[in-house]
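I've put the structures underneath this note.
Shared between the two complexes below is subunit A, which has subunit B as its partner in the first and subunit C in the second.
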Partner chain A sequence: MSAIEEVGSQAPAVEAVPKRAMTLSSGTAFVVVLLLLVVPLFVKNFIIFQMTMLLIYGLAVLALNILTGGSGQFSLGQSAFYAVGAYTSAILMEQYNINYALTLPVAGVVCFGFGFLFGQPALRLSGVYLALATFALATAMPQILKLGFFEHWTGGVQGLVVTKPDAPFGLPMSQDMWLYYFTLAITIAIYIFSVNLLRSRSGRAFMAIRDNEIAASAMGIDVATYKTLAFGVSAGITGVAGGLGAIAVQFVAPDSYTIVLAISLFLGMVVGGVGWLPGSFIGAAFIIFVPNIAEGISKGLSGAVFGVLLFLIIFLVPHGARQVAMVAQQLLSKVRKT
Partner chain B sequence: MTQAQLARSSDPLLAVRDVNVVFGGIVALAGVSFDMHQGQILGLIGPNGAGKTTLFNCLSRLYQPSAGDILMEGRSILSRPPHRIAEIGIGRTFQNVALFPNLSVLDNVRVGTHARTSSDIISDSLRLAWVRRSESAVNTKVQEILAYLDLESVAHRTVSGLPFGTQKRVELARALAADPKILLLDEPAGGLNHEEVYVLGDLIRRIRDDRKITVLLVEHHMGLVMSIADHVVALNFGRKLAEGTPAQVQADPDVIKAYLGSKDQ
Partner chain C sequence: MELFTNQVLAGIATGAIYACMALAVVMIYQAIDHLNFAQGEMAMFSTFVSWQLMQWGVPYWGAFVLTLAFSFAGGIVIERVLFKPLAKAPILTQVAGFIALFSIINSCAGLIWDFTIKQYPTPFGSTPFLGSQLISTHQAGMIGITVLLLIGLYVFFQYTRIGLAMRAAASVPESARLVGINTSWMIALGWGMAAAIGSIAGMLIAPVVFLEPNMMGGVLIYGFAAAVLGGLTSPFGAVLGGFLVGIFENLAGTYIPHVGNEMKLPIALALIITVLVVKPAGLFGRNIVKRV
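For the complex of A and B:
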């Protein structure tokens, strides 16, 4: 008991991400899921579409969080994996008439393989150098997608139009609403799998490598394998998100997946709190809504307003939403005590 | 170079055979040989730069000897990569404590069981029944070790905030979680005060007696080595100076000269 009190009396150790603090308590999780289930019933289709995009970007940020927060590897190349996932789904749906739901696991597996392979050369790099190598991948991807050689499948510069699926079994809901619930189910499943993974032997291996590679190796952890696995898992989840994104937006084109997307996802991770999985969705909300808010404040200077908002966040809460959540939790426990 | 071998009747658990290590022309170890037997506490001593840490790093496969061999239970370990040393029963601690600072004490010790368990990312993500069984076995074992080393009260604390002495015990706990046959301790007394060194000596002996673990102690602290080691190997300038019981080594004129300097210096 005394140990728990000691922890409570300490200043919040924001640098450390204990594993238990990586997730939400069951009560909070229940409320969040309930809200996500109920809210779409009362809002317009456009808002539902935005919520779908929030979940999709949330998944992509979550994937980056597993890579960076979990295994300690940086990536500015997530847009490349997202693009591969999006194109995989779009090509399978439009060129081969495969059911949209079946294209997602394919997108995941293809991207896992791609990420795993990319992780091999990346093993020799760390920190900013790894970030630069992944940056190169993100820069190259739109041009690769435009190549004449692939044009037969990718549609070249024009991209591909994707048909939005109807609700199955004659369910009385709009296409947008069906897609939202479909995305929500996948998001919850992937979230649970991710939490399981990070709490498991493999997850501990990731975090051990993040904290001290030599010690991890002395404990029997094959550093190279786990680092590439982390890349694979991260790319796989990003690929599923990309596939869902293609279906939701109904369109894939090379210039949707530029380095700007990769930087947005990185930004989402930092704003949400590196290593805090629920923060991924808060970070996703930030990268979707804050640019709009900035535009609302000033049309001509929206970029500058966005920059100021971002600066304020990093200045006031450098550890992002995780820090806000921790402070809130401490206040709440104080209120309960009195 | 095989006197030690002849003197013993049983097969050694770990045998160091004529190990040479050269760093770009500088000889760090030259033909060092000694045996470690089951249940021994072997003290490896020597002044700074004697080659203690170099030898230690050969044993944990961070350095590759240019000649010679290291045999664990009769088999060479030199073809194994560093991450496949724990599984043959060689555990280690680090000179200045190398824990996973952002993980809790519990998780640090759980990582120690990595070499003794198996899993794959798909089973782990789905938390399959066999993964749950394996995790609960890990937890039982980790709890036992935490209790053994009196770390239960800090089990959920993040390691980075703990006092140095406690971190050293966490590192020991992590090494024990891999069920080592041999425990390599790299200067465990470094940074500890007189009282703590005394407690540590007791603990190392207890670990050997209770858990039947053979210990290689690389240490500067003469008092500690001389009080707990059964057998001492002294190195200087990469060569073995002397070997024998603590009393024999302490009385060896070469060892005295290495530590205190000769008259004509």
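For the complex of A and C:
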């Protein structure tokens, strides 16, 4: 038995987002960066720490966005790449005394390789099947990290404690603030890289595959290469985020990187708007702050409050923060015309 | 050799749980075309309802039937209230909706019935079945009910008008609408049936894993895996997939060294992925030919 599915007439699994709509205008971007630079000077250390985590999760959501919003592949396994990045950084720093800044590129490269390799068998799968495969990776990762065989490096169930770096050159700022600016610099660099990647030949290939795989291959796009490349890039960025996360939290343990993290990152992507890169950071804010807000509203029913808030968001704006941004943009241009 | 047969038998017994859940997963996949992550929690909630009814003095089978009706209605209500408005939303947004539903049901059940583990009665008794130490009468009964359910569903989908209409609505919604099928209500009906089957699975599983709000977490993952292994378009494949996953999980735990309880799941999943890489539509799934 075989059924024929009309790919052309059906809506693709991931909506097509035009290239231009993926980024912010330069004016808005300037204001956002300025705010990110100035705000930490006026707030408490704990809030600076939360802002650092927001940037880190934002990077991880951004990576997922490149994979799903860019190339149309679904992944529930991002927590595994995040874990590999975190452990790479932690092990290099603690066991081999390598400078924290140097461990991040290593984490990125290791995860790129890992993602690229994982992308190979994943090529045969799509949709729910790919979701299950990546899900398996996410559930397996904490168990693999706990294995006695790796315990010498990973510290087993107990994990590793990571020392927080001091500000260099005798700069008069707290460790938290230094780490924030360090993370911000890396985030901006990766963001610019991602925007340019999606505008490049490879980015166009990703989007062609997302919109219609068969048509893309008919146009001469090497589907296998670009799909695995998307997996590699996404894993690499997630790995850097994981490394930063390990440094910021000062601790890595297998149970911090369970499937719950992967699901959070997925929710962050949906709330921020699939395929809209700036939305990644709004989504990250959602996954960091909303569980706390829910806890604040009702301790016993925090899960229910969280669910209701999530439902409210997807009812009001099914396309996430991207939809809000679009409406705001239209309003602005109307105001300017009159 | 005896160890092997025993492990296979034990695998079939646990496999029955997965088969039940996989059947519910496939049902909803037939109706709405994606996996419902909240399915396990819906089943858990139904099981709690039946437990509550029994606490109030309703006999087992009475509670069973009432719970079926409650779940069927509940499934339809959830579809009408929460997911029908989202029908036009992107698929990933709907998946986020499933996760939200998961969170709501889990949290509410925790508040109403708290997180302590509860005993759940079985209608079949738990004496050894046919003298075997590994399969109890309850597990045998569970396998029996799963098989009955499968036959019932097969008859329903193949030989009744409404079953045909549901299949049509799921596979080609536009054409189904043109021939006068109310596709929107077919989806609601699919939700109701999936919820009812899920509640049967929950009530059968509860005596084995005990009743608590997180009882379905592990089971649902295996259920998904079994459904995907067997092919999401085939209820028969899902049941067989359930038994295979159960058997394989047990054998891996016995014969591969250093495999504790914790590594069982990743190994079972790894096997499934290997199968999927060779047969991307699952063992019994239909191959879908795509064209531009």
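Here is the rule we go by: the second predicted complex is superposed on the first by the 322 of 338 C-alpha atoms of A that agree within 3 Å, B and C clash if a C-alpha of one lies under 4 Å from a C-alpha of the other, contacts with A are read in each partner's own complex, and residues count from 1 in each chain.
Throughout what follows, a contact is a pair of C-beta atoms (placed from the backbone, for glycine too) under 8 Å apart; a residue touches a chain by one contact, two chains touch by 3 or more.
Here the structure is a predicted model, which means the values were calculated and not measured.
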Checklist entry - For A:Val233, is the partner it touches subunit B (first), subunit C (second), both, or none of the two (neither)? => result first
Checklist entry - Counting only touches as set out at the top, which of subunit B and subunit C does A:Arg204 meet: first, second, both, neither? => result first
Checklist entry - For A:Ala304, is the partner it touches subunit B (first), subunit C (second), both, or none of the two (neither)? => result second
Checklist entry - In the superposed arrangement, which partner chain does A:Leu244 touch: subunit B (first), subunit C (second), both, or neither? => result neither
Checklist entry - Is A:Leu267 in contact with subunit B, with subunit C, with both, or with neither (first, second, both, neither)? => result second
Next on the checklist: Applying the document's definition of touch, where does A:Val223 land relative to subunit B and subunit C: first, second, both, or neither?
Outcome noted: first
Item to check | Chain touching more of subunit A, residue-wise (subunit B, subunit C) | outcome: C
Next on the checklist: For A:Ala133, using the defined touch cut-off, is the partner it touches subunit B, subunit C, both, or neither? Pick first, second, both or neither.
Outcome noted: second
Next on the checklist: I'd like to know which partner A:Ile214 touches here: subunit B for first, subunit C for second, both or neither.
Outcome noted: both
Checklist entry - Can you pull the subunit A residues that subunit B and subunit C both touch? => result 2-4, 6-7, 13, 15, 212, 214-215, 218
Checklist entry - In the complex of these two chains, what residues of subunit A are touching subunit B? => result 2-4, 6-7, 10, 13, 15-20, 193-194, 196-197, 200-205, 207-208, 210-212, 214-223, 229, 233
Checklist entry - Which residues of subunit B touch subunit A in their complex? => result 60, 62, 82-87, 92, 94, 98-104, 107, 110-112, 114-117, 119-121, 124-127, 131, 134-135, 138, 153-158, 160-161, 174, 178
Checklist outcome for this item: Within their complex, subunit C touches subunit A through residues 34-35, 82, 85-86, 88-93, 95-97, 99-104, 106-108, 110-111, 171, 221, 224-225, 228, 232, 258, 262-263, 265-266, 269-270, 272-273, 276-277, 280, 286-292
Item to check | subunit A to subunit C touching residues, read off their complex | outcome: 1-8, 13-15, 68, 74, 121, 124-126, 128-129, 131-133, 135-136, 139-140, 143-144, 146-148, 212, 214-215, 218, 263, 266-267, 269-271, 274, 300-308, 310-311, 314-315, 318-320
